[in-house]
Amino acid sequence: MTEKPKFAMYWAASCGGCEIAVLNIHEKILDVDANFDVVFWPVAMDAKYKDVEAMEDGSILLTLFNGGIRNDENEHIAKLLRKKSKILVAFGSCANEGCIPGLANLSDSREIVHTAFNTISTDNPHEIYPMTSYDVPEGEIHIPKILPVLKTLDQVVDVDYYMPGCPPESHQIAAVIDLVVDVLHGKAELPPKGTVIGAGNSTVCDECKRTRNVKTIKSFQRIWGVAPDPSLCLLEQGIPCNGPATRSGCNARCPTAGAQCIGCYGPAEGVADYGARLISAFASVIDAKDPQEIDRILDGLVDPTGQFYRFNLAGSLLKAAVPAWKAESTHEKEKA
Amino acid sequence: MTDQMIAPPIPIQAQGEDLTLLEEVASRTAGVSRLEMCIQCGTCGGSCPSADAMDHTPRMLFAMLRAGMRQEALKSNTPWICVSCYHCVVRCPQEVHIADVMYTLKSMAIRAKLYRDSTAPDFSQTFVGMVEEYGRSFELGLASQHYLKHFPLRLPNMMPMGMGMLSKKRMSLTPKRIKHINQLKTILKRAKELEAEQ
Amino acid sequence: MTDSFEPTIIGFTCNWCSYRAADLAGTARIKYPPNVRLIRLMCSGRLDPTFVFKALANGADGVIITGCHPGECHYIEQNYKALRRFHLMKRTLQGLGLEPGRVKLIWASAAEGAKFASEITAFVEEIRALGPLHWGKNGSAPSPTVEAVQEKVEVPA
Amino acid sequence: MTDYLLYPGCSMETSARAYYDSLKAIAGPIGLNLKEIDDWNCCGATEYLGISLTPAYALIARNLALASNAANGTRTLVAPCSACYLNLAKADYYMNERPKLGQMVNEALEAGGLSYTPGSLDIRHLLDVLVYDIGLSAIEKKVVQPLTNLRVAPYLGCMVPRPDYQHRWSDHEQPIELDLLLKALGAQVIEFPLKTECCGGHMTQIGPATAFEMIRRLISGADEHEADVMVTVCPMCQLNLDGYQGEANRFFGTNYHMPILFFTQLMGLAFGIDPKELGFGLELVSAKNVLDTLGIKAPPETPPAPPRRPRKPEGLPMPKPLKRPKVEELEKEVTQ
Amino acid sequence: MTENNQEKIGVYVCHCGTNIAGVVNVQEVAEWAASKLKHRGVVIAREYKFMCSSLGQELIEKDIKELGLNRVVVAACSPHLHEKTFRTACANAGLNPFLCEMVSIREQVSWVHTDKVAATAKAKAMIAGGVERVRYNSPLEPLMVPINPATLVVGGGIAGIQSALEIADAGHHVYMVEREPSIGGHMAQFDKTFPTLDCAACILTPKMVSVGSHPNITLLTWSEVEKVEGYVGNFTVTVRKKARKINEELCTGCGICQEKCPKKVIDNVYEAGLGYRKAIYTPFPQAVPNRPVMDVENCTYYEKGTCKACEKFCPTNAIDFDQQDEILNFEVGNIVLATGYDLFDARRVTNYGYGRLPNVFTSLEVERLTNAAGPTTGNIVLRDGKTVPKAVGIIHCVGSRDRNFNNYCSVICCMQSLKFAHLVHERTGATVYNFYIDMRTAFKDYDEFYQRVLEEGTLFVRGKVAEVSDVPRTEREKGKLIIQVEDTLVGKQRRIPVDMVILSTGLEPRKDAKEVAKLFGISCSVNGWFIEKHPKLDPIATMTEGIYIAGCAQGPKDIPNSVAQGAAASARVLGKIEQKQIALEPIRASVIEEKCSGCRICNGLCPFNAITFHEDRMVTEINPALCQGCGTCVAACPAGAITGTGFSNDQIMAQIEGLLMLNVDQELAVA
């Protein structure tokens, strides 16, 4: 019998929810084991980077990579796995578009370190900051260096497929595993490179059962301030639901449960900038012509940047806020 | 008749057309004067309650400004006769700030010392002198000083009125001075410097 | 040659009013600084905030959006939609640390060539005063096109 | 109680004492709380503007600066004198319309440690505040002695309704505010077509003949309309028409006796305030006839029933007067 | 979309004589494009003296054929000038015209910049933008739709009448909708028409009768258009036919009801407020159709519940108190809007005293006074109805050429004032003054009429009247109206006592012009007049295909011009009908159905009603024939499911990249 194809999964800057989501596919996980030889999956098994480095290029068939590229270790492993893998999948929102860790791109990285180590959350009277290298009797030790901005996986390496979601829905993961297994058995073909897998082609509204009408918004509400009509489109009730711009695939989980969509599945097919779509869409249906009235209505959208870029900041056209971008430019210059 | 008998035509620009005049007046006027927009319709001259006493109607004056007739325009009594009733301003179909242009012309005439009758400029300057000194107007001082100089013969006629005003305490015998007159003087001094830099 | 900062500005015009205002500024030979490069849309209502973000990401220091005066839109009232989007976009950009003056919306009718030119002149000066925007400058190729990605990405050694 | 900043102007303390006294007397009953700004200076009347631009505006703007410093929760600056009202309003308007002027004036003010941002105050004439803020119905409610038999010619002069930078008045030529206020006091208000003609302004000082003619036009107009009294809103108008009436009579050989009162004096009478408190007796053309007329405590005559419209109309019908929305609202307030 | 770098792009840089070449280094630009943009698909870049000349066009055509170019970029003047030229050239060579882009390096570069280096650099950036954009251009084909030969004419004034008659005479059906009870418009109120002084009724009535009896015209008076749907060639119109309370079939127009009606009402429309009509009335004897309407607001029966005098006396039982408004629907292919004007409300000029001073009249009032069928049977008298004036002042430009009211010239007032001068002189022998700012008599035979009025002894005073007063200053002014004016040619203020003042009031857009414009999907200018497609070259058409404007609705004009426009509009309509089908510009938005989630964000955004939602499939659809291509919905779609041809996201994003390419890539910037 021939060797089973090799499988790897890696966790860069992310919360770990993606791994849980993989385990949430229940008995389907057995298909993974049956069809693959798991060679590298730090959260599930012991493995060393040098083992991976020793593998032949392209010897891993499938790598699910979750998490964004926050430090030079993430970057190194991303490049390493790219080299060793035939199919590299950006798995979950962080790898796809930066997700919550990507919101750090609103600030300069020095500010982030400062906040983490020397503000109210940390008792640090001696102002001790981590160093990236330190001499100990055994020699010099290193910890990874933080990068000026968090990058998505495809901003660092070439990515074959994208699987969005925070985390990807288990039924979608199961479907993708089914597909790969079918491909292995010659029953299906891989989709073209660059395809988004494990998600729909339309937006959340497509799967949302709420009634929709022509929209005119006279004011925006925060969801805890109102008791929304359970059967009517949330946006029409002034609740800033991101559903119209968010890729379908989750079965409209949040709107169905009575909460607005916050956009974890990212932009729809072919969209260059997720936030821009929402800005344009929301503003289009505001019911005002007078600049002051427009401002009054928009005051109801308390944090537009967070509203539109909660998941997508690192993957957006602008990628980061001005301070973070300035730091990145300097960094690039120094490298060059 | 021979050709020699016909006087040669006077060149139009003999007096030296001053085409910067209109611009200068506009730039010295508060707000946007819109002076260049005048269509010479005569609404101003028609509206003016004191037009009979004017050398030129406002409209003519504006035409003279356009023609660059600096001397003639600044010598005209028209701005001094203007009573600031603003009838022309609200009726002007081109929304020219006529009353403010009149103020500008007065100040330019004073600067160039080009007025013919000194009554009005003297009155303004006496008035302003008092205001600069005290921070308030001083009617008795103003009226007596002004009438004494310009209408000495009319003064006896005015006595009953003046006495009436005084006896009813509608005129005070002494000027009133504001508390921070030095602050005001400093402000005006700086303003004059700025004006001179113009 | 001085090393004074010459901003690069992208302008969006509608086909009916502001592009014609630009035409008129040209026909009337009214001068304005060469820092602005215009893109013609059919209507200011076509302006997708994506375009503005794209321009900023690709190295523009400022973006000026122009359209017909309110009430004069060739498509009846689409410029109001541009107005609303502009307001929301501006709020979002401020959240991203952008100075509010970097993106501007002005109305110019087809007859307002002089106004168009003076608005452009003023905007160039405003951006010059704000200084360069570092988004996407300094050689780090920003937001490459699909084709460019394929060229650029190599398997790292 | 509404708070207003008050700029009285020089005349209010001297030639127009009756205006100030009567204003103080009526302020309480109608709930007008006036706060005189401290250490104000002369506005320059119509004279300073004709001498030098920047100093003239700096002189005016010092008052605006003092007022905006004193503004505590209010932004309305009230001026009872027409010339003061116009000068203050004008400085505020032009400092905004021509930023360069604003800049120079502020530079001058800075020398005295002051500054003024144009647009930060609402500069309004007393009549405007009484009619539009206090309201005609509130004024009507305070009337205890209706001026029933008094025939009044309402006279505003020039600088209140014109140039009207902020469009506060119903009309530039035939405004209706003063008429309605006097009607609210119960007076018989005559249709006075000369109500915004000029009183002669400074011409009494520089061209008496011209001034006397302008005074004559107004007095004879009021006389033709059989007015008992002319009512004014401006110290300069009052001074010219009252103070120079005798001189004008002599000049033309006429014998007019037309008392000129401030509208606040008539308000006071209607409110039942002692004439002495209202500055009666300070006028040169005695207004005794006014008091006499009112002294007759005849019950108000029931007005004759309007004649029935003839069945066959004579002549050609007249167009209905134009009702501006502002006027219509105001008219509703007066019950008479 | 680009197909694997298969683009073969030709770049053509125009010198425009020295217009461009004087500032932009054209040669450098062309060489740069050829070398530096080679990797972007540019295979040839040329410069030429005049690209728009036939030789220039041939150059492009030749390259397309010989080099197999599939994209063309022309850097020259504004596309508004020559886009059509170059697109046609491409089409001649077999290239889809929409694969050609223009870059405006004249209006946007050489004419507005002086720094040659900077201008040349900008031209390069703009060409890079054009090249990047054109790569994403796709071939487009115009959309063909059939044309319904019926036409709607809105407004039954002289312009509408002319238009309707010409179309109907050509054999096509016309629906004419008129708001008032009769057609005829303002012209029916006039007495004489300048400059020939024909009697208005004599020349208008026959045309009105033709409309009323034309087999091809459906006349709907006392009716208003409520809704217009559809697009050129295929409009569906909804009209409300207001209840006349008269059965039009039974009514013979005998007039007995009007005679017997006891209620007299001031007629503010036809008689301009100077005369009376009954509560049941035809506005004037020659009305078309000759059917009365009942004024339910003033009718005694509706006020008090009794009367019905009209019903009692009607010989044919045509009175129908229960009649209700009727809603009619019909289809037309083209629409002519000839909705006319409103008269400026002279009461707004307080200083002229109209409404306060009885003997101040408006021009329309004077039209009625001079009209033999008017309230005074043609006698020009004062408001008392009997006194003949001895002196009359006519004031021009009332409400016109005045930034306090309307800053445009109302065009007809000078001639109208001259006509009044003549009529007053002829009928009363009074001294007539005309007060004018500028005398504008620029049309055939108009100035000759001015000469005639001068000859008659009318006194002309050049000056805009400041005020009309009834307060005398001297004996001779007593009991008169005094016109105070600066006689600008004398340079003195004059006070001229007269008995009567005629205000030559200007023309204003209809009060509801904005709503009407919205209803028909066209727009109004700042002043409120309907905007034509082009002020000079297309003054009849509007931006909305199939909708034409005629007469004063487009701007103030006199009768000959209104008639000319009415006729021109019908010529345009007939031209359209003759085409049988019409090609629509292919710049359109469309929905990619699989991407549309039916969120309905876009549903309320289209002023042309091109967007419809299909409840069954839960998707939105755009009607390509109604879409005008503004792209607002494209920008709004949160799912990116709407695409726009001609200005697609790909095109614009690529253009942005191109414009900024030189900033990013220093290599490119080097010449």
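We just call them A, B, C, D and E in the order they show up, numbering each chain from 1.
Criterion: a residue touches a chain if its C-beta (ideal position, glycine included) is under 8 Å from a C-beta of that chain, and two chains touch if they have at least 3 such contacts.
Just so it is clear, the structure is predicted and the values come from calculations on it, not from any experiment.
Steps from subunit C to subunit D, minimised over paths through touching chains, total 2. Number of steps on the shortest path from subunit B to subunit D, with steps defined by chain touch: 1.
Averaging Cα atoms per chain gives one point for each, and the point farthest from that of subunit C is the centre of D. Relative to subunit A, the chain whose mean Cα position lies farthest away is B. Compared on C-beta pairs in contact, D-E and B-E come out with B-E as the pair having more.
Between the Cα centres of subunit B and subunit E there is a gap of 48 Å. The distance from the centre of subunit A to the centre of subunit C, each centre being the mean of the chain's C-alpha atoms, comes to 30 Å. Per-chain Cα centroids separate subunit A from subunit E by 54 Å.
Chain centres here are Cα means. That of subunit A falls 74 Å from that of subunit B.
Counting partner chains per residue, subunit D has residues 172-173 touching two or more of them. Touching two or more other chains at once are residues 351, 467, 605, 632, 635-636, 649, 653 of subunit E. Shown for subunit B are the residues that touch two or more other chains, namely 52, 87, 90. Across the whole structure, chains are in contact as follows: A-C, A-E, B-D, B-E, C-E, D-E. Residue ranges on subunit E touching subunit B, taken from their complex, read 351, 397, 401-404, 407, 437-438, 462-467, 484-488, 491-493. Within the complex formed with subunit D, the subunit E residues making contact are 266, 273-276, 345, 347-348, 350-351, 354-356, 358, 362, 375-376, 381, 383-386, 467, 469-471, 473. Listing the residues of subunit D that touch subunit B in their complex gives 10-11, 13-17, 38-42, 44-59, 62, 90, 93-94, 97-98, 101, 104-105, 107-114, 158-159, 162-164, 172-173, 196-198, 200-203, 205-210, 214, 243-244, 246-247, 250, 281-282, 284. Those residues of subunit E whose C-beta lies close enough to touch subunit C in the complex are 2, 78-80, 104, 106-109, 111-115, 118-119, 121-122, 125-126, 129, 518, 521, 523-526, 543, 587, 605, 607-608, 628-632, 634-636, 644, 646-647, 649, 652-657, 659-660, 663-664, 666.
Across the complex, subunit C is touched by residues 57, 79, 82-83, 106, 154, 157-158, 272-273, 275-277, 279-280, 282-284, 286, 288-289, 291, 294-295, 298, 301, 303-306, 308-309, 316-323, 325-326, 328-329, 332-333, 336 of subunit A.
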